[in-house]
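By letter and in written order, the chains are A, B and C; residue numbering begins at 1 in each of them.
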Amino acid sequence: MSILSLSLAFLLLFHGTCLALRPFQQTQNQCQIQRINALEPNERVEAEAGFTEFFDSGDQQFQCAGVEVIRHHIQPQGLMLPSYINTPLMVYILQGRGYQGIMLPGCPETFQSSQQAEERGFQDRHQKIRHFREGDMIIIPAGAAHWMYNDGQEEIVAIVMLDSTNEVNQLDQFHRRFFLAGNPKRSGQETPEEGSGNIFRGFDLQMLSEVFHVDQETASKLQSPDDTRGHIVMVERGLQVVRPPIRIQGPANGLEETFCSARFTANINDVSRPDFFNPEAGWTTYLNSFKLPILQMVQLSAERGVLYNNAVMSPYWMTNAHEIIHVTRGNMRMQIVNNEGQAVFDDMIQEGQVVVVPQNFAVIKQAQEQGCRWISFRTNDNAMMSTLAGRTSAIKAMPVSVLMNAYQMSPEQARSLKNNRMETMMFNPRSRY
Amino acid sequence: MSILSLSLAFLLLFHGTCLALRPFQQTQNQCQIQRINALEPNERVEAEAGFTEFFDSGDQQFQCAGVEVIRHHIQPQGLMLPSYINTPLMVYILQGRGYQGIMLPGCPETFQSSQQAEERGFQDRHQKIRHFREGDMIIIPAGAAHWMYNDGQEEIVAIVMLDSTNEVNQLDQFHRRFFLAGNPKRSGQETPEEGSGNIFRGFDLQMLSEVFHVDQETASKLQSPDDTRGHIVMVERGLQVVRPPIRIQGPANGLEETFCSARFTANINDVSRPDFFNPEAGWTTYLNSFKLPILQMVQLSAERGVLYNNAVMSPYWMTNAHEIIHVTRGNMRMQIVNNEGQAVFDDMIQEGQVVVVPQNFAVIKQAQEQGCRWISFRTNDNAMMSTLAGRTSAIKAMPVSVLMNAYQMSPEQARSLKNNRMETMMFNPRSRY
Amino acid sequence: MSILSLSLAFLLLFHGTCLALRPFQQTQNQCQIQRINALEPNERVEAEAGFTEFFDSGDQQFQCAGVEVIRHHIQPQGLMLPSYINTPLMVYILQGRGYQGIMLPGCPETFQSSQQAEERGFQDRHQKIRHFREGDMIIIPAGAAHWMYNDGQEEIVAIVMLDSTNEVNQLDQFHRRFFLAGNPKRSGQETPEEGSGNIFRGFDLQMLSEVFHVDQETASKLQSPDDTRGHIVMVERGLQVVRPPIRIQGPANGLEETFCSARFTANINDVSRPDFFNPEAGWTTYLNSFKLPILQMVQLSAERGVLYNNAVMSPYWMTNAHEIIHVTRGNMRMQIVNNEGQAVFDDMIQEGQVVVVPQNFAVIKQAQEQGCRWISFRTNDNAMMSTLAGRTSAIKAMPVSVLMNAYQMSPEQARSLKNNRMETMMFNPRSRY
């Protein structure tokens, strides 16, 4: 009973956020794509302790999907300054580890320093801090301020998908980042100039001083007019925060939590817990709102996919979502086919490249010699995949006589089409022939 | 308790699909319509065993409602080839009977052949097949592959409404059909040419052969390059499928079902079970998400309406939906009035014609001598109708003194306006005068 | 158990209405605002017993928020004629009292005259009538016909926010009012002319007479072609309706009600029941869908705010909504800052003026000598506010070491920034220094 009530409250809470619709314009026939190219970043913004790469938001395939993709590189002891954005984010940690804060308005400061720490002069109390590591997918709601710190030994590489056409974004058709600190360069700028400041720059200094009840020197530091470090800054002796020892998070069911303790992270890189596994072909893990309830709020999902050498993924289409695929290791050949039976993409996609598969377009993926790994973002929190070959495919679901008549085949041919491939999702052609 | 949990899961499942928003552009002021015309199909695509008629998707009234309308004609033993579309469909069976398959990804093949059948060499196992008959409304979710077969003695006539602006369509402002088989002609094409193939045409033949683990001849039949039968093909000796005997479906409450056994069909042509009935004027049956839960997913509803000779429907407006009216027998006079008090339509609508009533526009319908039947599609799963005359009308809901002052009437006139017409929805003026 | 079932039904009911999506176009980059101005009405439409003021719907800040604002002035014994609109409305009663009817299709006429009244010749029965008074916020769903009457001694002043981009509006990017009576002048018209009639004007007179079963004279009064009183008319001896004695409504929990008895009104002007209160700075009351469930259907919320003389509101941004602020008494200085750190507004906003704060833009408000009161409409039914200073702010939520490194501060400065201002939302700088 109380669980049900809570779940209702949960639904209500999410609705409030989800249903607030202010749609933004997309230019007409955005997905009438005749040709898709594998994309690499076309711009880079440097900072003291790292850099961010931008994929071209104006490219037709991103316009079709209504999303943007960027990639952060954060050096060890690098701190990405706090900021918030008008779109929800999915952040995939491709490499490295660290921790981050997502500031939720009205939630309590639950992390407080121990008595020993206070005796040593270190005293603090702040909101929850979340560890992350390679393979984590982090969800950041629209408008939520957040920062990120690298406390590991290697560079953090984070692939970020920004869902510009999400209904919670009522502001703009592209993402806009509001910095709470620093004086960062922006994409498209050569040097830090007027107009690239953080939000405190726009306020009157005297008023800031009154509001925070601090002296003018402190208030002027909020505005940081002379900061040249950029959006990722170096923390000289490492960041000191209150935090528990690192451990891998256990499963959650989404009902015992309130919004303040909601889970924003899940690891999808663990080969020991895949959703699909074929020892000869590869494995995949899905992350949708049944696993991570916050995804219902942002209406997005993801897949981590691995194909072993030469393995093939069953041809499929997504029934209700676009798919944004970023290859993270190796490469694969992809064919993407539109409703006129034409291949709009028939090429290799290499490590570090991105391709968008529009909703309903049919796809085949085949890994090359060294195999292939990718992360795929999907524009629906329960994106559904319909396969064409294998045990759970549309072809298998049809009666033999429908296949015979549709394809003008003999009964034997129709049966072989339906039954020869009994694996579910991935095959290794070589191991079967 | 378990019923409630299930219903919550149901809600969650549907939400995942419903809330994924990628709106598409409509040109500005689409519904600033000064003149509406009754439409007939303006194009026809022929096939071996039938044809499809298209209403002009570019017409202003369809642009306003954000929908498209087509009409299939399938001959006895005709099979409409499997395909999927980027919009949800509502298919009203105006005439004929048959069965259809909707392929749901991941759902089991629950229909399997009996031992006797297997002894006779007919062996198969496939997903559920659904009978349909005259008066059925079939709901097909966006991206779900489906086929349809005529096993009756007369031509099937199916009126199809495609909801292009549905939020689950993230692809295009018009519908796009992805064929799984054949080499169909498309709307706008004179002859089957390059680019009109099914989705297998875009894939490499060798890869198809590997993926399905079949020989190249079978794989090449998937691509069907030389098929000239079009999108509806003749099944020479009739289709053999595993299926239970035909029976009329009983009522369902929507809670005992999982998605795989969800009901996609309801009959709304049964005069013995109307929602409103007036023996002197006519009857109507509504189909909304309270009756057929899948409608919550596609956010559409429908009405089957019948007016007897010379009967009148109370003037009304739809508070939260557009209405797409297709007359299926007889004819009626309609008046449609905009917010400036101007009639944008004041004409007869004949059998086979379509008219769109924009949201909030006021309407009167009067059947002619032979009466009138229609099917009405509505762009909201709980479309609400507000009537102006009769027992449940807005006029009846107002105090007499408001009417007196609003219309500068005597108390007697106000009372007669409120009380003279005590029927609810439909009247027969002649029988009352 | 029954409460839960009811709440599910409630959710289902609301969904039906909420999820029906037909988005309308907004021109590109609507919120790329470089300059915001405080607005005053730029048009006025006069009527016999009052007038309506219109703010310029074409102004960039309204285009950004996707809303419109108007202001009604209704004299004592003035009746605003019944009408309905294609958008949901929030109506804030700034001054005066009266009662109103919202006609809900299919709901019963629950107010009926007493036997004594009938003996005196006054006999009536109609739908529920709702009292309203100063400080009430009234919600009117899209397409719901409604009227309003002033039974008090002073002019009613009502501030109305029309949510044109609400998903239930499938009709037009601006609001359109459909009058059920009168022959009102419209915005943009000098004199009542052709085309400004109520919806009955577009219907055939003979058909109206048949439909209502009244004589032609009564029917022609429905069309009111010669009515010159405009949209607010004088009721000479006062309106006589069936109604209970006025009382202030008690709290409701939203579950014991059906749609027909749903609550559409809440008072948010009661200083004895604020959500936030600081005796030195001011108070605010929120109205969201947790308090008034109907707000979930219209996806809007509101705030009543009061700052005492010279008090300041903590700088904040709305994470998921635009904010439309109407000052109702006094004035305040506002600074609004965009994502480039530029103040797009730095000015006084006076009584009667309106300013839009776009989603995610940062704001500071400071009342002047005489204090300031405002009403704020928000385009999300659970709009969330993230403050920058004070106990629950983003700055307070961050570790000291993050602040030190982000702002290049000493530990002491970071601690003072975090801890010097311990109030939550509003401060009085003078009282603290």
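Here is the rule we use: a residue touches a chain if its C-beta (ideal position, glycine included) is under 8 Å from a C-beta of that chain, and two chains touch if they have at least 3 such contacts.
As the structure is a computational prediction, the values presented were derived from the model and not from experiment.
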Interface residue overlap between copies chain A and chain C, same or different (over half shared): different
Copies chain A and chain B - rotation angle from C-alpha fit, nearest 5 degrees: 120
Length of the line joining the C-alpha centres of chain A and chain C, rounded to whole Å: 37
Junction residues of chain B, two or more chains touched: 4, 8, 11, 19, 21, 23-25
Residues of chain A that touch chain B when the two form their complex: 4, 7-8, 11, 18-19, 21, 23-32, 64-66, 165-167, 288-290, 296, 299, 312, 314-315, 317-322, 335-344, 346, 358-360, 362, 364, 366, 379-382, 384-389, 392, 394-402, 405-409, 413, 416-417, 420-421, 427, 429, 432-433
Complex interface listing, chain B residues touching chain A: 1, 4-5, 8, 11-13, 15-17, 19-25, 79, 81-82, 84, 86, 101, 103-107, 109, 124, 126-127, 129, 141-145, 147, 149, 168-173, 176-182, 186, 195-204, 207-208, 210-214, 217-218, 221-222, 224, 227, 233, 235, 239-242
